Structures are given as structure tokens and as C-alpha cells.
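Chain naming follows the written order as A, B, C, D, E and F, and within any one chain the residues start at number 1.
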């Protein structure tokens, strides 16, 4: 991979880069000819570009998931950066061509995250919750450290799901320190499992789409069912207060029925989990958008925040 | 039980009746003295009344679930009928004192309903759905024929849940006859299970309240979990298309996220089930309200229908 | 008309077909040249396609309502099928060129529908409603059997209005069988007239648009006025309870003020009519969308159902 | 009628007054005894009061519509003035006992209003609209000058409907002077008829309630039907642009579907009529509420203005 | 400036006109080449057009704010008029090239408006309000007579802000004549200042955009702060009732919190100001849209009026 | 003050306590006699009770703000605890009668809070923000440490405003540690000032009501004005980016226009401040409600949390 990455180039600069094709849609232009709308990515970010007058051969070769060598120029199109594709070919075996190397990562390594998750589980002192959390997590452990937290918007990078989970627990610690009446075990247990259903709801870390289970059941209920299954394995009563509380933490974590929770939070810890989940997702969405904005300007509108755009101050680091 | 029933008396008439106490709340009047706010019922309906200046002994004796002998007068209080309690004592063992005899029933007997349900199951020709439906239903079969369909509002009588289920299936048949593209097995299977979770959500047919599972999980998810459990027993894959479709029928049957479904209907049969469920519940609520209204007047406002009141025409049967 | 119809061809197949031009908009491409955006139809359905670099002569010839002979290829454009127009000319007099032959029809013939409508009227036993219904229907009888039920969305085929009416009455029968307190005459009378105003609101069965009366008054009030007029003719008192009830059935049938009803349903039969109307329209919209979808995929989003898309199961007929 | 009127007395003052009973509801107190909740009025305003321990004879004598002689004291009850009834008897024939004398009136006499309405009609220069307006108005002319504009809230005094109409036309003149593109005839014609249906919707000027036509049809559609009827009489085409425009003015004047208009304003004049109607009603509601408030305090909450209360400044006239 | 103006030409007519470039966005076409999307204007209105295949030199020359000589043809593109640019060059010094001459103006000259504003201030008889209004107005007096009332939509012409202010005061006079309880000084004072913050919120009369203060603070609070500042200068107590009332007039004038007022109107005069503000803005938006519509057709949809389109009657002046 | 406090007694226990009268409303009972509705408080909480048949002398003596000696019994009235007043007299000078001793306090002492606030200010490294924060805070410093954070609901104890502020800053630290792109100085500065306007909006710590400035301007704008005033004093440009950012933090902190912010958050730090403000207020409201609830039951409904009630688990400390 080149040292200078995709997002480092300025508008009008020309580059030669190995990039991952994250998407490749065949379309027909208004003049009747076909072109491929491509999404190029490396770990610095992603940009779109079109391959005009695409041949059948192009269409078969340039599909999502392939690594390609691109000569291109960064351009502005209706206010957004895109790539003008000047030359394009598939990477060969002697060149960088492992898709995993071109995917964006979060600020922590997998092993750092594993260590912190392990410590959090240790702090769940209630033995039933501790065992259920470990059993449910174990069923999806590999995907938990690989998946993004969402198809787009927030924590949309590999490992984003685990990092989002850790961020919520760190905030939860401060909240529990301020409010000793909060049940720390319950809050941590809920935080660890709350979004785990996304490993079933989403197809995978690279060409992320919704599965049929995701569309017809949804990640919230999918985790709840896992808890019920694990209860059967561990011979815990799923109707005990402890298990009802834990399931409620998951079921209620979207906060409002309109957002897909079948019940609203009815215990303190469930409301706190919901609030911290929203807080962390919002910050991540705003940070991504503002980072890509010139100081003194407003960012693009963020769909997940009611279409608001956010201002990047000029004073910057000076404060 | 007297031949003339509670709802047959007119305002200002005096009666002596054996009645069930459905509710008994101890309150303090503005003059500082205690009274008991009582809800009296027989199979014709229910009315409230107060026992003024209640002694400790009264408070201990007159509790919900007891059958009492009442001498009372029907009165109007702010537009509603209520009972002015003139004398009150508990029924003794030689008198009618079985609460079950004082509860309202629907238009079909239990055995008629059992027969029709059995026939419906027979028409679910898909063998997996057929087995799942029978297994889930079997787990709650007794309560299915005893429970009301709701705490109040619609089908709030013993057996209301089963009768509501049957009504939906009858409508579903007409719909499926009109639209041959509808999957009849799926629609019937969803209809049979859709509200079964109410047997877990509600405490019972007489002093109906919400259980903790009802409050924290809700009847929709409770049935979904039962299906997942039954799949494990029967060694069916819960992630097969067939099982996802059936679970979706249940999860989506409230139609809107705001009404507690974690997903909106995404298959034709799920939307139809939702629409028929609403239709049948609305008709039941309106019919109850209009029945208690004098021709030429508007009924009381119905909470479950946006607070609307409904007019009972004078022309009556003549049409 | 060719035996293989427009919707039978697969993507990339080439065909020669006589087709009706349902729409023809002249537009300017981004390169400054004119093209015509055409909508082609036969009784199997409709597809769009562009005639590029259109001459003045083309623009004058290819207008909505004409039958043309097309050589074309079915293509995918942004997920939707469209026609790549390879050759195009008007049909001549010795060829199929009657627009009426290229319009989609519902599942019943006009004479079957007439017979069923006639039977329904017979079952309106109240003599005043019976006479009013017949008189109002008579004023628009021809259009009633020709018009679609809506400009697009549901029952958007010739005869759709009458077929939608019949479907509602069939459902109404099942409802009335279940609930003997429903006034069957009133429900049928309301069902027969409820959408008749669409024959005034819409311009016609082929190039359907809204009339000025449709835009400024709306089909709901237009029928109500017809009833008032007919009352004058028949010397019925429009303020009698019977006529108020019938008018209310029409005025309230959209259910909510937001949907254009000036009053919400205040009688049982009006609420039922509204619910059945919505049910039948929804099923029709979903059925159309799902029919055009490959098994295992989600349909296009349906505007009239909150933009939801619907899944077409793979298990198909097997159930 | 006494010179000092009901609203002139201060809290704790005792008075002897002839007053109209606007309402008389028999209720049962918490101690089981009956009382009558009375609404007393003269032309200065109205106040409530209770007659405790009411006998059968009292209940038969003191009914709505009667004039009574009251000895009472003004009291505060939960922040509102009310009357403590010390003595009560019916007025006899030699005393003031004409209910019409005890009803509040607006700032103009009937003959002043007749003159102004007559002048407005004169300014409707379009002959068709002029004739229709006169014909429709003539059908309800007596009630037009007697009725309130609403059951409660705004212009709830005798003659309020005509005065509200005149106020709107005066505002309309200023608007039309500012905007010469407005069709003055159409705006005046719409203003004159817009609320006339209230003479059918409401039972009368004294014990105002909704009629069945009011509940099932609503005053908006009731006027539209009158226009259609008058068109038939005058042999005007109800589907001509002129008549569609006039009917649209009426149908759209509530502005939003949610407020009962079956169509939203689609012509400039209809939007203006709606805005002026709301403006005048709001001012009237606020003025009434503020008038009854002590300077330096907030008024009661006004239901028709989203429950807001309004501040009465201390600086008062000084400005 | 040519005698025949931009908006006078018909579709397909060719013209040579000096026009102001109100906007100039560089974009890339689907064929990969750059073009400039231009907005041309003179005092009769504005139209868009594209300069295809734009060179670097074109991009540098044709920027917003320049006057150009255009040879063009009026065309229809998707129902809207636009300009097909046939030739384009900058105006030279001997030709009309003052941007101010190409801007639309309202119906009053600046000096007429100054005179009327001066008279209105004279009628604010409360001396404190009179002085505050004059002081605040003086700070922005030049911009007050130059600015539009909004970026687009209503009164979007030079001087629109002052004309909108005057229109509101004229309506306010009629209202105050009808309702003598209204504090005329307060209503006029609020009307004069209500939108003055737009001179800070918007960048200027020609290439109008939002300033940072506009985005982060908003014009409502910006005026309130000016009043507080002026109070300090004049040694008035900002917490006196008089100053609180005046500030409340400004803060509440958007009527609803959703529309950006931090408080809802809590005094009569504030509600009236809000209503008149909305009324005047609506009429202006509708008038502009209808003026550009052919009689017998509906206008474009107006964003600020919920996307409604408005009908322009054919009967026109005849009424 | 007695060692056992008001909230320590159980239902039916009789006590003799010195208590503060937080409220005293004179009302008339349904039997026509006056009573005083009293709110009694000590630092453990507050309860209501009625003094029946109150004399003029009682009404004059027992007013809000007085300390009284009460003999009373704790009772249940419609599910809530209240006091049955058995005897009541004013405390004399030799008895505890300082109202300040009977007010509830938060978990930190004033001096602990002062120290922490001082440290936070020290961490605002931007010198302009640092000076503005100190100057604005200084103007209201005494009230800042005495006031509750709200009239009721959250942090409704003396010192609640300062404690709420500190809680937010502690959460802000964790957030800023997780997200290094956040401007810590700006977030702390905004947090310190965000609710300071409540010292102007509310009348005081004991008989808390809204001031006229509170009602007509609101606490959000009141702080913004203070910043503008302080800028003038310190000769800072209020339109500099730094000051616009700080003012925006305050103006936007309610998050939504519907909640009274005149602008929505448009910078990252403003959104975070809003989210933390809501989070802390919610937790405080839930904690108060749950604390007063028996384990295994649901709390009272919390108005500020959409009327939800919260469950207090039985498992309690064991976790």
C-alpha cells in the first residue's frame, strides 16, 4: 500500500494507488452507454468514481471486493470529492491484494479491545448475568471484533462494534460513580450485549447489507432470543427477575418504540444504556463529518442527526 | 344468581343481587373518613359504587374476588350509571359464591371454539408451521380459552382471546378467497399465535393486571421466544425462511413501531394480519359501547379509538 | 397484439410489439439535445423508455394515446426494468391500434361485475337508501365500470373502481355475519357510493389526471352533493336521520381528517367501511408490487404504504 | 335588571340579582346527597355556583333557560370566581324574566351589522357570486344575526357570528388594498358564507349544543351543499369555475385537513380567508381571557390556543 | 437595460440581454466535462441556464455578481423555464454593468418607505419604546431599506424587509381599530423591530447567504441583544416590564418553538404580530408563484407553504 | 429538629415534628367550608396535608415560608402518602424556626462544590472564555450555589443547580478523554454557564415560581444576554468566532427548537452538552422516583420522562 493514502490527496492531484472496490454498480448513462459506479477505499476512507463506457469484460472484472490499481485525479462534483478514473486494472498476486488491509480501523487494536472487554466482564459481579453474557458473547465472538457498529453512519469501520461497546462502558463507569444507586453489573451486562445482534443482522464487515433475519426480525429481538436460548442451556429460569431485567436492557435500548424497541425503558439502567448509546453514536457521526470539513465551513448534512450540518471552527487546536 | 341481571335495572330502581367484587380500593374522602370504591359485576356487565364510612372490618371483608349480596339503587353520577350501596354482606356457602359464574362470556362456548380452532389448524397445510403452531398453542392451551383479549377495551370477557382469534381467521378466509396470491397457511398460522403472549403478559381472567414479564418484555416478543424454543425442541432451524416468516407475522402484527412492533410488516400476510386484528378489535369496542347507549344518543368516548364517541341510530332494526 | 406480452420478456431480450403510449414527455438531455420520455403499455403492464435525439416530427407523432410498433430491448436501469428503444413507428390502420385493447383489466368482466352489483343493491332492504343508491349510481354508471380506483397505486386498471367496490362488499358480508348488530343495508349502501366521486375527480380511464373539481372540491364531497341533489329529486328530506347516516358513510370513509374526510366516523358502519376500504387498497398495492418482484427479494418501495418494500418469499406456492 | 351587573361585583361581596340559568346539572355529592351545578349569566358574563342538598322540587324548578332571583356571594374556588348561593327563587311575571335580556352581546347592534353586511354584498361585483351569496344568506338570515360564532371560545355571544363575519371583511379590505392581485369579490363572498353552516350545526343561541347534522356532516360541508342547492334554483352550473372557486373558499377555510377542511386552500383568496378567520378568532379568545385577568397576572389557560395563558401588563392604558 | 425584460420573453424566443449573474456553480457533467450552472437576473425576475464545456477562463470570468451580455433562448426543462445559452460575454465599462440595476424591487420607493416608517414611529406614544425603537433601527438603517425579507420565498427583493414591515403595520392598524384593547404602541414597536436581525443574519442584498452569527445565533436573538445593548446606552432597566414586553414581542414572533422562537407568545400583541407576520409572508409567496403561472393552471409547489401549489383562475380580472 | 425525619415514618404512624410550610393554598371544600392545602417539608422530603375548617386566623398564620410544629399521622390517599393534620401551631423563637434548615440538600457541601467549580474554571485554557465565564458566573454566584436546577422534577433541592453543573462536567471529562477532537475548554465553559439563567428565571430556592423575565424571555436567552453584556465590559467582540461559539453553546443546549432552544446544536460540543444535560437530568428524576418506591413495584409516573413509571427491582443491592 502506498504511504500517502487516498484521503491525503488534494483536489486536482493525480495519484496511483492500490484500492479496494467496496461497491460496483453497473448503470446506463443518459447517452445509452453503460458505466460502472465504483466505490474505492483504503484504510484512510472512501471515494466514488465512474468508469465510463464499460465493456462486458470490465463489468465482469471490476466487482465489489476486488483490489485494483487506480490512476486517478481527485475532483469536486457538486461539493463532494470524487475520483476521475484515468486508468484501472486488477491487482495481481505479487501486489497488495488482501481486502482486509484496505478497510478502515478504529483507534484500538483487537487485542487491546479483548483485554478491556475481559476486564469489564470481570466486573459483572452478579454470577447469573456474568455467565449469560459470556455465553452469548462467545457465540458471536469473532464477528463481534470484526463488525462495524452500523451499515453506515456511526462506527462504520471494522471493529467498530466492539469499540462502540467499550466506549459506552467507559461512560457507564463515570455515570455509576456519580450515581451509586445504579446497578453496575446490570448496566455493564446490558452494554456488552446490546448491539451484538448486528452480527446476525448485517451480512459482514466488507460489503455490508441486511440479512433476511435482519429485515424480518431485527437485531434487538435477535439478541433477546439468544439470551433465552442460553438460559435453556444453563438451566436458568428465563422468567426470573434477573433474566427479565437483562432482556429488558436489550429490548429497550433504542429508547422509543418508534426506533424499534418493543418496550420503552422501565428501569433506570435501561434508560441510561439508551442515553449512552445515542450519545456515543452521535459523537462518532459528528466527528467523522467534521473531520472531513474545512475549518470555517459547515459539514455535509448528517442523516442520522436530523439532517443537520455541523460547523468546524477556525480556532481549531488553539484553545 | 337472580334472573334479572345487573345491567337490566333502570336508574332509580332498587335491587337485591349477588354480585362479584371485581375491584375494591380503599380511599379517604375529603372529610377525612375512609370509603371503599367497589366494582360490582355479573355476566351482564359491571358498575361502580362506594361503601362510605368503611370500618376496618369492612376493609378486610370486601376485597376483590369475593361474591357479595348487595341491596342497591342504580344512580346517575356525572352521566354514568353507578350503584348507591344500601346494604352489603358476603355471600355464604349456601348461596351463589363461585366467581366464575359472574364473569361475562362471548358468543361461543369453549367447545365450539375448540372445534373451530382444530379445523383451522387442519387447514395449515405447511407441515412445519402446522407443527410449530400446535406445539406453541399446546403450552398455553388452557389459558387460551379462558383469557380476555385485553385488560379492558376489546374482547374483555372470558374466552375473548380465543373468540378474537377465530373472528380474525374467518375474515382471513374471505380475504384469501378474494386474493389467491395470499399464503393461506402462513396467514392462519400467524393469526392463531399472534396474541397468545397475552396469556403470559396478563395475570389471569379475573383481576387482570400486567405481569412483570408483560411490562418488561411484552406479549409480542414473548410469543416469538416461544417459537424459537419450540424450534429447538422440534429441531427446526429458526433461521430458515419459513420460521423467519412465521416469527415476522407475530413481531409485526401491531403494524407500527409506535404500537410496539419491533418491525413493520414486510410481507403481504403480515400486513393483512395486522389490518384484520385492528378491524376486529375496533368493531368489538364500538359494539360494546353502542350497545350501552340509548338510540338517538352518542356513546361514551372510546379511549382505544382516539376518544371518539359513536352514535346509535334511532331507526334501529328497521332497515 | 403479440401473444407474448411486454411483461413476459426478460432483461436483455429483444422484442417487436404493438404497444400503447401512455405518456410522452419531451425533455432536454444534459448535452442540450431533446429526447422523449415514453411510457409503453399493454394489458400485461407498463415500462418506460427514451427516444433519444428526437426530431420535431417525432415529437409531433409520438404522443400519449397512440399505439406504436416498437423494436426494443428490456434493460435494467438503477434496479428497474426499462425499454431501450431500437426502432419506433406508429401503428397503421391495418394493424392493432385501438388503445382500449392495451389497457390492463381486473379479474372480473364488466358483465360479471354488473350482475354482482345488481345483487348487492337488491340486498339493501331499506327502501330510501335503495332508491338513493340506484339514482346516484345511475348518474355515473358508465364511468363506474370503466374507471380505475386511483390515479396510481391501487386498482389502477380499467374497471378497478367497480372491482374495488365489489371486494369491499364481499368483506362486508363476512363482517356482518360475525357481528349481527351491524346495519347491513347501510354498510352496503355506503360501500357502493363511497368512491363514486372519483368519476368526477379523475379525467378518465386512460390519461388519468385530476379535474379542477377534483382539486378544489375532492371526490368525497362530490358524492355527498350528489346525494343531496338526488334527495331533492326524490323528495326525500336530506336532514332525515337516514340521509344523514348515508351521507356520513361517504364523508367519513377516509377515516381521519388528515386523509381528507371532513368528519371522522361516528357510527359503527362508517368505521367498518373505512377499515375495509383501507384493507382492500393495501392488499391490492402489495399484490401488484410483490408480483413484479423476484422470489427472495424485496419489492420496490410503495409510496401509499409509507415507503415500505415487501418481501416475496422463496417458498412460493409450496405451503 | 339591576344596574350593577354580575361581573362588576368583587370577591366576598353579597348581591341580589336577576340572572339567567344557562346550565343546570343535577349531581350527587361525595356525601351521597344531590346538588345542582348552576351556570348563572347576565349580559356582563357568567359564573358557576352550586345549590346544595337540592330537593326534587328544586330540581324540577331550576332548569336551564329560566330567569331566577339570586342572593349570593362571589367567592374564589381554586383560582376562579364562583357564586356561593345563599337564596334562590324563580322570577315571577312582574319581574324581569325574558332570557334574551340576559345574554351577552357584541359591540354592534343588529341593525348596524345589517347595514354593514348589506354594503359588503354591494361590493361583490361579480353578479353570480353576488346572487348566490344573497340567496344562501337569505335562507338563514334570522339565525345569522342571533347565533354565536362558536359553542364556546370565540365570539360566544349572541350576534357573534355576524360580528365575526364583519371583522373578517374589514381585515380583508386592508389586505386587498395592500395586494391588488386579490379578487375582492371572491374574498368577500367567501367571508360572508364561510361560517354560515353554524346556524345548522348548532342548536341555537342560548343552550347551544351540536345537532345531529352538525356531528355527522359538519358546518363546512353543510354550506357547500347550500351553494349547490342554490345553484340548482338559480340555474347556475355548479361545476363552472366560478362556483367551484366559491365552494372551495368555504370547504378550505379551516386551512388544514386536521381541522376539518376536506381540501387545503389551493387559491390565494382561500388561504387569506383562512388566515383572517384564525386571526380574528384568536384575538377574540385572548381579549376575553385577558379582560377577566388582574393586571400583572397571567390569564386562565385558553384551550383553543394550545392551553397558553396570557399576561395582562400592569402598565395598562399608559402607553 | 433592454426595454423588454427577461421574464417578458416566451418559450422558444431568442433574446440579447444584459443580465446579472446571481449565481455561478461549477459542476461536472456525466460525460466528465465541466459546465457552469448560472442564475441570470434582471429586475423582472430570474432564470437558470448552463454554460456547457466551460474552460478555465470561463470559470474565472463568469462569477456571481458580474453583469453579462447573453444571447439565449427560453426553453422548458421538466416544466420550468430556463435559458439555453447561445453566447455569453462580460459587459464592458461602456455598457450597463451596475448590479444594483438588475435587482428586483418592491412596490414602494425607499423614500416613500422612509416617510411611512417615520410616521409609524411617531405613533409609538410610549416614550421608552419610541426611543429604543429609534436607537435600534438607527444602527441598521441602511441595510433595513436594502435587504430582502428572506433568502428566498417571501419578499426576496431589495427593500423587501422594509416593505414587509410596513405591510404588517398597515394590517396592525386595522386590527387595533377593531380591538381597542390592543396596545398600539407596543404592537407597532414590535412590528418595526421584529425582523431587523435579518440585516445581521443575512450577508447582503445580492448574493444572500447566512452569516456565522445567523447560523449560530439566529435573527430573533440578535435583535433581542440589540435591545439589551440599547437599554444600557439609554440607561433603561432591561428588566422593567416595558422592556420585557418589547423583547418578548421580538422573541415570540415566530409563534411556535418549532419555528425558532425561544418562547411562545404570552401577550395579546405578540400573538397578533406573529399572525400578521405569517399572513403577510404567505400572501407574498402565493402572489409571486401565481403571477408566474398561466391562468387555468396550478403554480409550482411552494416549499414555505407545505409544498402546496396554487391555482390561477381563468376568470382573471373579470369579477 | 427531631432526629427521625418526615420521610422516615411509616403509614399510620403518628409524629410530632417541626416542619417548613413550603406551600399554603386556601380552598373551599364541596361542603362550602374553607380549608388550607399545606405542603410540609424537612430536609428528608415533603408531603401534603389539609387543615380542615380553617378560620381567618389560621389562614393568616399558616403561610408559605413559616416553620410549624405538627402533630400528624401519615396516611395513604389514592396511592400517595399524605399527612392527616391532628394539631398545628407556629414554631416560636425558642424552637427551630430557620427555614433554611428544613430544605433538602444534594450530596456535596457548598464548599466542596466551590472548590470543584474553581478547578474546572482553571481547566478552561482559552483566556477569553475563561474570563467571560468567570465574569458571568460572578454576577450570580450566590444564587448559583443556592438554587435548585428546576422548579420541580430534577435536582429540585437547594444547591441542585451547582451540583447538576458539576455532574455534567465530570461526564464531559470522560467524553473528552474518549474523543480527543472535542474542544475541552469550550465544553466546560458551556457547561458552567448553560443553566445559570435559572437564577433569573426562578424566584428563589424556597417558594420557587417563575419570574416575569422567566416567562417572557426564558433562562436560555437571559444567559446569552449576560454574555453579550460581559463582552461589552471586557471589550471583547461579541461577533468574534469565539464568542459566537460560546453563545451558541448556551442557546442550543435544549437540543430541539420544541424544547425552547432558538437554534439547534450546530457544533459538536453543543450537541454533547445537550446530551449530557438530558442524561444527568433524567438520571436524577428516575433516582428520586425509584428511591420512593417499594422494591418489586413501579414508581409514580414521571412527567418529564413522558409519563413513564420505573420498576424498582427486588434483587436490590445483591448484584
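To be clear about the criterion, contacts are C-beta pairs under 8 Å (C-beta built on N, C-alpha and C of every residue); 3 or more make two chains touch, one makes a residue touch a chain.
Quick caveat, the model's predicted, so the values are computed rather than measured.
Trainee: What are the mutual neighbours of chain A and chain F in this structure?
Mentor: Output, common partners of chain A and chain F: B, E.
Trainee: Farthest chain from chain A, going by the mean of C-alpha atoms per chain?
Mentor: Farthest chain from chain A, going by C-alpha centroids: D.
Trainee: Repeat of B-C among C-D, D-F or A-F, where over half of the residue-numbered contact pairs coincide, is which pair?
Mentor: Having compared contact pairs by residue number, the answer is A-F.
Trainee: As a quick test, compute the distance in whole Å between the mean CA positions of chain C and chain E.
Mentor: Going by mean C-alpha positions, chain C sits 44 Å from chain E.
Trainee: How many angstrom between the C-alpha centroids of chain E and chain B?
Mentor: That gives a centre separation of 60 Å.
Trainee: Using the touch definition from the top, which residues of chain F touch two or more other chains?
Mentor: 30-31, 212, 215-216, 241, 245, 266-267, 298, 311
Trainee: For this entry, which pairs of chains touch?
Mentor: Applying the touch rule to all chain pairs gives A-B, A-C, A-E, A-F, B-C, B-D, B-F, C-D, C-E, D-E, D-F, E-F.
Trainee: Would you tell me which residues of chain A are touching chain F in their complex?
Mentor: 125-126, 129, 167, 170-171, 173-175, 177-179, 181-186, 241-242, 245, 264-268, 271-272, 275-276, 278-279, 282-283, 286-287, 290-291, 298, 305-306, 308-311, 313-315, 318-319
Trainee: Spell out the residues on chain A that touch chain C in their complex, using ranges where they run on.
Mentor: These residues of chain A touch chain C: 27-28, 30-32, 212, 215-216.
Trainee: Please output the residues of chain D touching chain F within their complex, sorted ascending.
Mentor: Going through chain D, the ones touching chain F are 29-31, 52, 75-78, 84, 298, 311.
Trainee: For chain C, which residues count as touching chain D in their complex?
Mentor: Contacts found on chain C: 212-213, 215-218, 220-221, 224-225, 228-229, 232, 238-239, 241, 244-245, 247-248, 251, 257-263, 266-267.
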